[in-house]
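Heads up, the next two complexes both have subunit A, just with different partners, subunit B and then subunit C.
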Partner chain A sequence: MKILVTVKEVAEAADDFELPDGALDIDERYLEYDLNEWDEYGVEEGVQIAEENEDTEVVSVTIGPERSEETIRMALAKGVDRAIRIWDDALEDVAFLDVEARARILAAVVAEEDPDLVLTGVQANDDGFGATGIALADRIDFEWAAVVNHLDLDVEGGLAHVHRELEGGVEELTDVELPAVLSIQTGINEPRYASLRGIRQAQSKEIVPYELADLDLDADVTDSPLSLTSMYEPETESSATVFEGSPEEEADQLGELLGEMGVVEG
Partner chain B sequence: MLDYLGLESDLATEERMIRDTAREFVDQQVKPDIADHFVEGTFPTDLVGEMGELGFYAPNLSGHDLPDVGERAYGLLMQELEAGDSGVRSMASVQGALVMYPIHAYGSDEQKDRWLPTLASGEEVGCFGLTEPEHGSDPSSMETRAERDGDEYVLQGSKTWITNSPIADVALVWARDTSAEDSPVRGFLVETDRDGVSTDKIDEKLSMRASITGSIGLSNVRVPEDNVLPGVTGMKGPLSCLTQARYGIAWGAVGAARDCFEVAREYASDREQFGSPIARFQLQQEKLAEMATQITLGQLLAYRLAELKERDELTPQQVSMAKRNNVEMAREVSRTAREMLGGNGITTDYSPMRHLANIETVYTYEGTHDIHGLILGHDLTGIPAFE
Partner chain C sequence: MATTEQSSGFGEGPAEEMIRRTAREIAAEYDDEYWREVNHEGTEPDAFWQDCADAGFLGAAVPEEYGGEGMGIGAMTTIVETLEEHGCMGAGMLFVVTPVFGSITLARNGTDAQREQYLEPLVKGDMKFCMALTEPGAGQNTRNLATDAEPTGDGYVVNGAKQWISGVGRADKMLLIARTTPLEAVERPTGGISLFLADPADDGVECRPLDTGVPAPETQYEISFDDYELDASALIGEEGQGLYQMFDTINPERLVGAASAVGAGKCALRRAADYAREREVFDAPIATHQAIQHPLADHYSKLEAAEMLVKKGAWAVDNDGDAGAAANMAKLRASEAGYDACDFAVQVHGGNGLATDYFVVDLWKGARLGRIAPGSSEMMRNYIAERVLDLPRSY
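Showing the complex of A and B:
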């Protein structure tokens, strides 16, 4: 079996950063790069499946500049077998890649690798579209399930028994036929730390660089109806009421407040 | 963390990944409850196996499925662990440098096969018995004796200030072999469940409280001669182990100091008095400047030591210089950081005073500050002050 795990290096801004008027991105000096949190769970899920099932290969794919290799190598250190990194001058030139572009690029990788299972994070904590996995499933015509927080794989039956997290604490239990794309929710597992032995081994694992042409894609893959028009820090307003006194007094104050707000009748 | 001269940007990918993994581990597994352990006087024993799984014990050794990382990567690991707590770094130092290293360097193939895998994984814990109640800085005067009896040795004596002895499965005990000519010091692997072995815990510590310390009592303890480390005779055995461990301490002390510095810097930026953050005041700025400078100098020493060790050119005296300097540096930095935190600094809510208390142990163990001064004095003048 082959599992493809999509991963993304995301930027995290420092607590104090400056965003000049008209700027469309936070300056590089305020940014630190790390593996997208959701993808950590995707990697762990893929590696755990490979540990439980013989002859399973886990391949990671990312779209990102050379800098992202170190982040990807951490996934290799945690047990991913090899990685593919797609970058191109055409990608360098665009402000951001929309969901459609990502799905088209990843679809080309799926065509090349022919995986049985594709795991993506539910969303990325930079742009947060939360749609790449499902858009990819649609494009490659795979079955799919989004926001998976429990996965029980029946390799022989070619079936994934999944729990999906829905709004309001509701869970959906469903079966998905392979090949499939599953978008993985945080908490599905406990991502491991890379061991020192894993880190050493990762240095000699392969990260194959692809350009768009290697995937039979043109620069027009980046064309997008979306454009980034502005970036700003939202005004935040918070008003907190701190109750003081004994538990009884605090409960009275809370009851009074809820009454005033019309939450309870009283 | 403070890296004023950008030394870490020159690290190789592998080294950076090891640093990041260790830092993440300490942030998530050590820092959240280490203060509680310090207060209770307990060691977070869950960490023993977790650190083993990650390959934190003797990762710089080769063969026997050990990670075989470079000396700088090993140093970075010690630095990150001690940024958490000196007790956690001590656990790794004792297991790796004081128990696995001598077995690796001087042990028989059978001893290596028996002990290295389980010590590396943390399934078993080792301790190192050199110091005795009456012999601290002068270990060659040790009284612990081993006398041959057929194909066994009978051990007699007591050791103290032994990190991890109460939880150890095996003690590497250094004793004089009175059946051999000139009674040379030899290393004995003593399983702690043998008859006549006692490992009492020392409870009254005011320093390194999140670390288990005890004694080793040996009363007519019989071990087979196969338990003697065959590859070394004399004080070179224990002293060579200490050089390995002190190398880790020189790095670790920088980690403790960096943690203190960051806590103090953040506190000074947030804490407002007289209408502005105290970081605005010149007295506080001078403290930060001095701490940052001393930490950076200690860091430079550690990095240079790594280069020399990698080339196999490192002398014990050079390690003494770095251990002596960096631990004193950490002592000063933790004290200054505590001071900048005012009254809040004396609580376990902040790390500096815990580090400060720990450093008193680090200042004293593995060769006291003064003894390292005398080792340097001997090297510089050719005249030994302690013989």
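Showing the complex of A and C:
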């Protein structure tokens, strides 16, 4: 069995950063890079499946520059067997890689690797589209389930019994036939630390760099009807009401305010 | 094409950065309150220790054949420095007491049977250790130690006293350093000392806690040995060669202590910088003043310089070189720079610096201890003066 886990290196901005007028991105000096939080859970889920099922290979795939290898190697240290990293001059020039473009590139990797199961994070904590996994499933014509927070895999039966987290605390139980794409929700497991042993082993695991041509893709794979037009920090508004008087008077004033705001009646 | 080569130039290779990441992730799980309870109230840091064991940290310097990772003191100092830098106050002491005193001593000088029996539980976090070296009458002058392990033919009988021994209360085993040949009967005062694997819970061993006023995860003890009987199998290494074998433990101890001081100093400076950015007095954050910025920059650069010495010493240990000079210089520079950094961090915080909520006062007290142990700054200077500069022995 082969599991493909999509991972993304995401940028997190420092608490204090400057965004000049007209800038379409936050300057590099304010950014720190790390593995997307949701993907941590996807990696852990894939590794746990491999630990429970013999002859299971876990391959991670990412679209990212050479810098992202540092992040990918942490996934290798946590038990992923090998990694694929896709980068290309054509990608270097793209300011904004949309969901469809990502899905097209990842679909080419699926064609190359032929996995039984693809695990993606529900979303990425930088651009937050929350759609790559499902767009990929649609493109490669796999079954899919989104926002999976419990997974019980029947390898022989080729079925994934999944719990899906719906709005309002409702859970859905679904059986999904393999091959499938599952988007993994945080909390489905407890991601492990990269142990010293894993770190040592990761040094000799393979991260294969692919260019678009290696996947029979042209530069126009990045074409998108979407473009980033502006980026700005929303103004934050806050008002503080200071109550004065005895505790009883302050409590009355608070009650009155909550009533005016419709938080409480009466 | 694989891109897994080690660092090709100066700086940290990919493995070292990954070790730091894991250490940061573990540190992030334990907040100031956790360490306040560990260091002030004696709460057992079991959850933290188990995380360190699961990550392989406790076996960093233990050979793979005994369940360790065989990565050496370089990895261990990286781990300790990172944990301390990210708020795990006392992690350095915990690592010195068990992985250094226990695992490194047995890995380097233990018998096959001792290694087989103890290294695995030490690596897994199932066993704690301590070391009984310093004595009321000998202090830092180890050659004068008077605890006597008299050979009886099939074992030894131990009598004497030890003082300022960390972590005896929770230790399952003790590295005991005692004289097997009286001082007056040896050719050289460094001879006639042996290492033993002792049991702190034995009836012949009496342990009394000491109050130090320094917040720390390990309590200090004084110990009396009264006709404490040891089997011949308790001997570690070769009888009479203990002081020489001790360098296999002492140099890593100094380096891990130094790494801990660097980490704690950086922790204090980061908190001072964060505080200075927020604290507004006279209409501006105090961080805008050079009287704050320049000392912070000085202290940080001195810690980085000390860290380079730690790396040099660790490299020497891991490559079977003579680590003594680098280990002593690293310990001297790191503990002095660490103390100065913590002291300035308290100053930046003003009155708040003395409030335990702000944590830096604990770091400052811990750093003060670091100038006395493991090995005082004066003994580090003595070593450098005599062994590096070839000056006459002054004491």
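Points worth noting:
The definition used in the following text is that the second predicted complex is superposed on the first by the 238 of 266 C-alpha atoms of A that agree within 3 Å, B and C clash if a C-alpha of one lies under 4 Å from a C-alpha of the other, contacts with A are read in each partner's own complex, and residues count from 1 in each chain.
As a convention for this text, a contact is a pair of C-beta atoms (placed from the backbone, for glycine too) under 8 Å apart; a residue touches a chain by one contact, two chains touch by 3 or more.
The shown structure was predicted, so the numbers you read here are calculated from the model rather than taken from an experiment.
Overlaying the two complexes via subunit A brings subunit B and subunit C into a clash.
When the two structures are aligned on the shared chain, A:R73 is found in touch with subunit B and with subunit C. In the superposed model, A:S204 lies in contact with subunit C only, and not with subunit B. Residue contacts after overlaying the shared chain place A:L196 against subunit B and subunit C alike. Touched residues of subunit A were counted for both subunit B and subunit C, and C has more of them. Overlap of the subunit B and subunit C contact sets on subunit A: residues 69-70, 73-74, 77, 193-197, 199-200, 202-203. The part of subunit A that touches subunit B in the complex is made up of residues 69-70, 73-74, 77, 193-197, 199-200, 202-203. For subunit B in complex with subunit A, the touching residues are 13-14, 16-18, 20-21, 24-25, 53-56, 59, 65, 67-69, 73, 77. Contact residues of subunit C toward subunit A in the complex are 1-4, 6, 14-15, 17-19, 21-22, 25-26, 51, 54-57, 59-60, 69, 71, 75.
Those residues of subunit A that touch subunit C in the shared complex are 66, 69-70, 73-74, 77, 192-197, 199-200, 202-209.
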